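Think of it as A, B, C, D, E and F in the order they're written, each chain with its own count starting at 1.
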Amino acid sequence: MHNVDWQLDEIVTQLRATRETWRERHGRSRERGCRELPSRSAIRAITDDLIGALFPMRLGPSDLRRESEDFYVGHTLDATLNALCHEVCLELKYIARQLGRDAGDTQARAVEVVQGFAAGLPELRRQLDADVMAAYHGDPAARSVDEVLLCYPGVHAVIHHRIANYFYQADLSLLARMIAEIAHSDTGIDIHPGATIGEGFFIDHGTGVVIGETAIIGNNVRLYQAVTLGAKRFPADERGHLEKGLPRHPVVEDDVVIYAGATILGRITIGKGSIIGGNVWLTRDVEPGSNVTQANLQSGPCP
Amino acid sequence: MHNVDWQLDEIVTQLRATRETWRERHGRSRERGCRELPSRSAIRAITDDLIGALFPMRLGPSDLRRESEDFYVGHTLDATLNALCHEVCLELKYIARQLGRDAGDTQARAVEVVQGFAAGLPELRRQLDADVMAAYHGDPAARSVDEVLLCYPGVHAVIHHRIANYFYQADLSLLARMIAEIAHSDTGIDIHPGATIGEGFFIDHGTGVVIGETAIIGNNVRLYQAVTLGAKRFPADERGHLEKGLPRHPVVEDDVVIYAGATILGRITIGKGSIIGGNVWLTRDVEPGSNVTQANLQSGPCP
Amino acid sequence: MHNVDWQLDEIVTQLRATRETWRERHGRSRERGCRELPSRSAIRAITDDLIGALFPMRLGPSDLRRESEDFYVGHTLDATLNALCHEVCLELKYIARQLGRDAGDTQARAVEVVQGFAAGLPELRRQLDADVMAAYHGDPAARSVDEVLLCYPGVHAVIHHRIANYFYQADLSLLARMIAEIAHSDTGIDIHPGATIGEGFFIDHGTGVVIGETAIIGNNVRLYQAVTLGAKRFPADERGHLEKGLPRHPVVEDDVVIYAGATILGRITIGKGSIIGGNVWLTRDVEPGSNVTQANLQSGPCP
Amino acid sequence: MHNVDWQLDEIVTQLRATRETWRERHGRSRERGCRELPSRSAIRAITDDLIGALFPMRLGPSDLRRESEDFYVGHTLDATLNALCHEVCLELKYIARQLGRDAGDTQARAVEVVQGFAAGLPELRRQLDADVMAAYHGDPAARSVDEVLLCYPGVHAVIHHRIANYFYQADLSLLARMIAEIAHSDTGIDIHPGATIGEGFFIDHGTGVVIGETAIIGNNVRLYQAVTLGAKRFPADERGHLEKGLPRHPVVEDDVVIYAGATILGRITIGKGSIIGGNVWLTRDVEPGSNVTQANLQSGPCP
Amino acid sequence: MHNVDWQLDEIVTQLRATRETWRERHGRSRERGCRELPSRSAIRAITDDLIGALFPMRLGPSDLRRESEDFYVGHTLDATLNALCHEVCLELKYIARQLGRDAGDTQARAVEVVQGFAAGLPELRRQLDADVMAAYHGDPAARSVDEVLLCYPGVHAVIHHRIANYFYQADLSLLARMIAEIAHSDTGIDIHPGATIGEGFFIDHGTGVVIGETAIIGNNVRLYQAVTLGAKRFPADERGHLEKGLPRHPVVEDDVVIYAGATILGRITIGKGSIIGGNVWLTRDVEPGSNVTQANLQSGPCP
Amino acid sequence: MHNVDWQLDEIVTQLRATRETWRERHGRSRERGCRELPSRSAIRAITDDLIGALFPMRLGPSDLRRESEDFYVGHTLDATLNALCHEVCLELKYIARQLGRDAGDTQARAVEVVQGFAAGLPELRRQLDADVMAAYHGDPAARSVDEVLLCYPGVHAVIHHRIANYFYQADLSLLARMIAEIAHSDTGIDIHPGATIGEGFFIDHGTGVVIGETAIIGNNVRLYQAVTLGAKRFPADERGHLEKGLPRHPVVEDDVVIYAGATILGRITIGKGSIIGGNVWLTRDVEPGSNVTQANLQSGPCP
């Protein structure tokens, strides 16, 4: 590359001009210093470590011995909660900057958020155990709970969701979204961190599943690949602005099974114990105990 | 983080209690020592190395010269087969523990399994060459066999499947499943390691494809994205337990093409040379040479 | 593994025989030396660095300060453009070998290609800014442009596509395809690098989207997950060979929205401002301003 | 490197012949399988982790908080003691092979050795604290005990020696030697792991210090760079073979100071409280309280 | 390791007790939170990057092109000066804790220190160029200035010293000492960061050289291996405490050459242009232009 | 670091000015493109791999099995010889630039050099085996040849020297020097790559040993730490320039032993079988079979 001239000075100058145009449009021209935003790679590392601490003998280090589980869990949690606290601080400061507000004592608020998360870890583990059992019982091909925990993408996605949801509820939407997108990239399962999901939840195969922000899912629900729980329309206020946070995704009651490719849209309710057939397109309420199939198709399980 | 108290002792204690509850329920309270289970990261490394040894000048190290291919192949196989043997041992011991049986001479059994795998590598390479040719001939956009081998996710998934299937047949279902899930995560193509797949198999695009455990696919079959070869129902025995291993997924005969989004369920047979249109929902046998399209839709190829 | 004999000499010999069979069939028996092909891992590193240089304070190193952005951008571009130039050379030589032609001055041609790419970077950044704005405005759940840039898989895929498309147009199809497949693997969104895509393009959720090589997409188009813009049939010439490069994928005019799961096939035109409903199967032209929904289903937005 | 032929087959064959010659001479022609020897890189990692566990807030991970020291120490020790046990097994098997003996239950013996080591860790820490204090008091340039622990090569060497000496006494000479040579390479201080060293030992600067296998050093001794405590002659038995293990290096009693470059040879005794001047050459006993200087030189401290 | 019990709880408890004893003795029982001390590995990375920025085309990244040197230098300095500033803060806080003082605005003080260092970089580079020239002219075996810069341990040590000395003068003795000990470990050359060294300084071979804290070395001085510029005695005040900071090491005037193994002790002056022979032991002033050799030995150069 | 201004533009500009001053002085102002110089880190990796290929079961990968040694050796040599060839090319081009000559066909010359090196590897291994045996027999503390090979710094230094010497003889002095300095940094033993060293050479302890460029050492010679084989004076031609390459270091004949700290200077000859005592200063020839000791000191071995 001896005689190559990439005209770098020119390109660098033009790229800066392009960035400045963007920043002016977004009112950021005078910001200085570092990016203060949560980092996706940091969050992946934190999430992996949390999962290791939750399931030390299955998803922790392969040379861990049961005799020293507690040492591993304690040491890992200390390092990870500190790292998490740092990311929370970054997002709190970011939110304050976005809102043009003083950030206040972000450190204290971050500690509070992370303490709440930490205190909930035992309950989180209990919930995840129930999800693993649901997967084990829901798939005839599952040979052991270990296979489920080690191999099932649906379980991987649900673990991430239950972590992400905590931070969504704490109004840390970037952090929550990053955790959700890590699972989305790994599994093809796209669960918005705002979705409310009950106990014993299982997604089989999973690729293409989309679950929206205001969806509510009861206990013991089972989904297959490519199921959408989406919005039917986006309500706008009188000025034509999309209204945020309005309930717009389905409510799925306890013990419902939804087969592959079903598309369920809008703030409708799928009653307790219903079975929704594969590829069904559904935009109205369904009575408890229904068995909905595509009009011109045979009903039945599809995986 | 100077004055933060995460209450770690309390959380660690509660997490231990939660783990103990789980272990008691699963009869594992008295286990000691290390996890003895195959490791997903080890299996990814092994699979990558095997693929390098199978296609040294395309998927091996970029500085390899053809003059020393054999040295590379031999050295890589020795290290990789040993590593594989170690993982096989771990699963054999795990199976024995699960069954409450004595593990016996797992080392000897593991060596036998891996020797069988090693002896089959030349035939495996021949099969994969046929898959690559099928992809090259099946996609008008393919410019070279190298592009196919280096870029096509469908080929990546099939390579993993043909490796995974050997271990599935050797009753090492965790190992087989881990290999399959590596490909699933990379490509969005979910082939159960138990599926039987003939020569010259090609999946184009591939995201969302699901192929079930007892599916049987003939020679020269081509699938597009989001095709499901699934189960229609799960037969149960008189006690209501799901029966495992019963044939419950489709048989796809030679020379069949299945377009994107088709859902084919149950132990039905798609006759030789048939073409199944996009988005078709199919739960009955199809005569050889059929051209099946959605009732109210035009038939035809879709990607 | 003390007494294990993997019969490596035998396996290595057979694998060589298999490779030689393949090489003879493809006329490569006499090639020597290294692989001369672009490397997927090198291309991933290059793409990541280019993205960092395009969005230094969001996707560059987390400790970068705005004060030294230009240093970072210049240094990164110099290293990355050189690395890219090396990969371009490898593909140019490869193409010449494939065609049995003299490679000529690949270095000079590679420099020309990369200079063109480098000169277009500021415009590329401007286009990507428009894509980010389209995503921000198109999704009611998006809280900030930063969330869009950091988290949205659709944006990740479009960034990769706009880079890949440059190299596709420069007849470097392997390099282009590798870039596209990196995004496909990360996001489940499969955009052929040959597709022509206008300004302000947004894909929401994205898993399962397939966009074909000759598709043409106008400005301000929005797609949801699992949309296919595919070919209906593959035209063949009088000798039965598939004709390459013929327009065979849809034209989507400005301001079109296509909801999840819609399958649109063949060289048809979706007129300006149309809305295509979820799961629609479409193989005919659509007038501007149309609202197409599945015959027996309710129309409406689906995400 | 396209047309280069390194004649690898020829070189590989000749190298094998050379190795076989060596192995025949050493009676190793029929050995199979892996190297079973401690690994220097494994031992470096183990030693670093042990040092971290001994001084968690100074030489452990930089983000460790005092609140979770015990978790870190416990987790690190568990992993490290297991790794150490593995290396001890390798040496025990190696020794048995060397002696042509059955290795017996190396695992049990290794566990015993490592348990002894583990039980001695608190006392080891106490001794090292005394060494740190000796360094702090012995060097007018030392500003704090932290500087001593973090920066002084003499302290680094003594920590390694006290660990190595345990394994030397357990007849694991390879392991002991590897630990000693790690320190030698880092600091230029060469202490044979067999040397017996009392409390509060300090070496300043240290480069070039050599302390022999049978040297005995009392409490509160201080050495400077390039001091040799060596053998004067090597006693041989009647067959002319060097006799191993005979006391042949000096005894240095409590409270002795030896200045830079002094060479002290043979099984002589340097009496309590003596001061040995720089560059002195000494091969005879020295009374307690002596002040020995080079004949034609001025006496006095030299660092 | 299945049935091994390392008695970790017991050992961890005892180790804690040992640490607490130490902390009580040093008044640190109530400290909480992280270690706040400069990190040796961070300092090594910083030093390496500074050296790369000072000599970009020789000691920077191997793929750097001269065309983009400034981008590299700017980007590297920004990241490195920030990292350095962080380490300086850590030491300032540490010093305050040691002194029981309020740390005050350590950030502002750290910025000031690092700004001073940064402003001096061009002059530092000029000085180092003079040192390289001195080495090139001083060693008949040197073939080029590049060989000197890339290979000579003496140059490596002097680069580190000139960096370390800045921080020593800024009263950051830990940081300074860590930089010096990195060079000591790499080269066996032990220069206290407090030593004052003039222009065009060269140490050949270097192993075993020791230069004390208050040594003053003029311009164009050349040393060989194992030379000591040490203290003769340590003055104590009336209470018997060693007095710190008193001048106690030699003054070496311009143009002096000191051959290998010479030991020069105390606050003496070696006059301009003198030559000190190998292995000489010297504790008195030397007139300018002297040629000092060992009494009973031949004089002359020794390398 | 939000409000910190390092004045980077100013510093970068001044650093550039300093570099330009240097380059003008050295006639390098118009050079463009990359550094073309061997890289120390590349050379360390190459040297480590060569050593692994020479001693596969001792210094190669720890999981290597004897059954596949040849594969490992062949694969490693192919990659390493190619990498070495690249470094040789870089130095050949550098030399040509230094001399202002056309580089000619550096690739061909580099291949020739490396082929010669490769062809000599079996003989090199044989020589190193003899060195290992010499160490084993020369040190009463050595328990096995494996300990010698794995732990002895003297052996490490000699392996590097024998490799470096080949490249020195091929006029690749930078490459040779880099290899030598790697060993110097690891061991404190400084052997100029030009030194000629016979069979069965052993250095014990080694720190501080210096062996000059034109030294000639016979067979079965043994040295201890801190021995210097140096030049007494540097002959200059009539213009006062130091003459390069003139013999100026000692000739040490077969079977000589030189104890620690001996300084031997000038083109003198130490006759066959002599023993040179510790700390001796020697600048005259010594008859074969002599036993030289320091005048006023006791004679005798010193290690």
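Methods note: contacts are C-beta pairs under 8 Å (C-beta built on N, C-alpha and C of every residue); 3 or more make two chains touch, one makes a residue touch a chain.
Worth saying up front: this structure is predicted, and the values here are computed from it rather than measured.
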C-E versus A-C: which interface comes out with more C-beta contact pairs? A-C
In terms of residue numbering, is the interface formed by chain D and chain E classified as same (over half shared) or different (under half shared)? different
Rounded Å distance, chain A centre to chain D centre (Cα mean): 52
Just how far, in Å, is the C-alpha centre of chain B from the one of chain A? 26
Of all residues in chain D, which are in touch with two or more distinct other chains? 1, 4, 6, 8, 12, 32-34, 63-65, 67-68, 70-71, 73-74, 78, 82, 188, 207-208, 226, 261, 279, 296
Partner chain C, residues of chain E touching it in the complex: 61, 63-65, 67-68, 70-79, 82-83
Note which residues of chain C are touching chain A in the complex, please. 53-54, 56-58, 62-67, 69-70, 73-74, 77-78, 81-82, 85, 111, 114-115, 118-119, 121-122, 125-126, 129, 140-141, 143-147, 150-153, 186-188, 205, 207-208, 225-226, 260-261, 278-279, 294, 296-298, 300-303
Interfacial residue positions of chain B with respect to chain D in the complex: 1, 5-6, 8, 12, 65, 67-68, 71
Report the residues of chain E in contact with chain D in the complex, numbered from low to high. 1, 4, 6-9, 11-12, 14-19, 21-22, 26, 31-35, 37, 39-40, 42, 94, 98, 173-174, 177-178, 181, 184-185, 188, 190, 192, 194, 207-208, 210, 212-213, 226, 228, 230-234, 242-244, 261, 263, 265-266, 279, 281, 283, 295-296
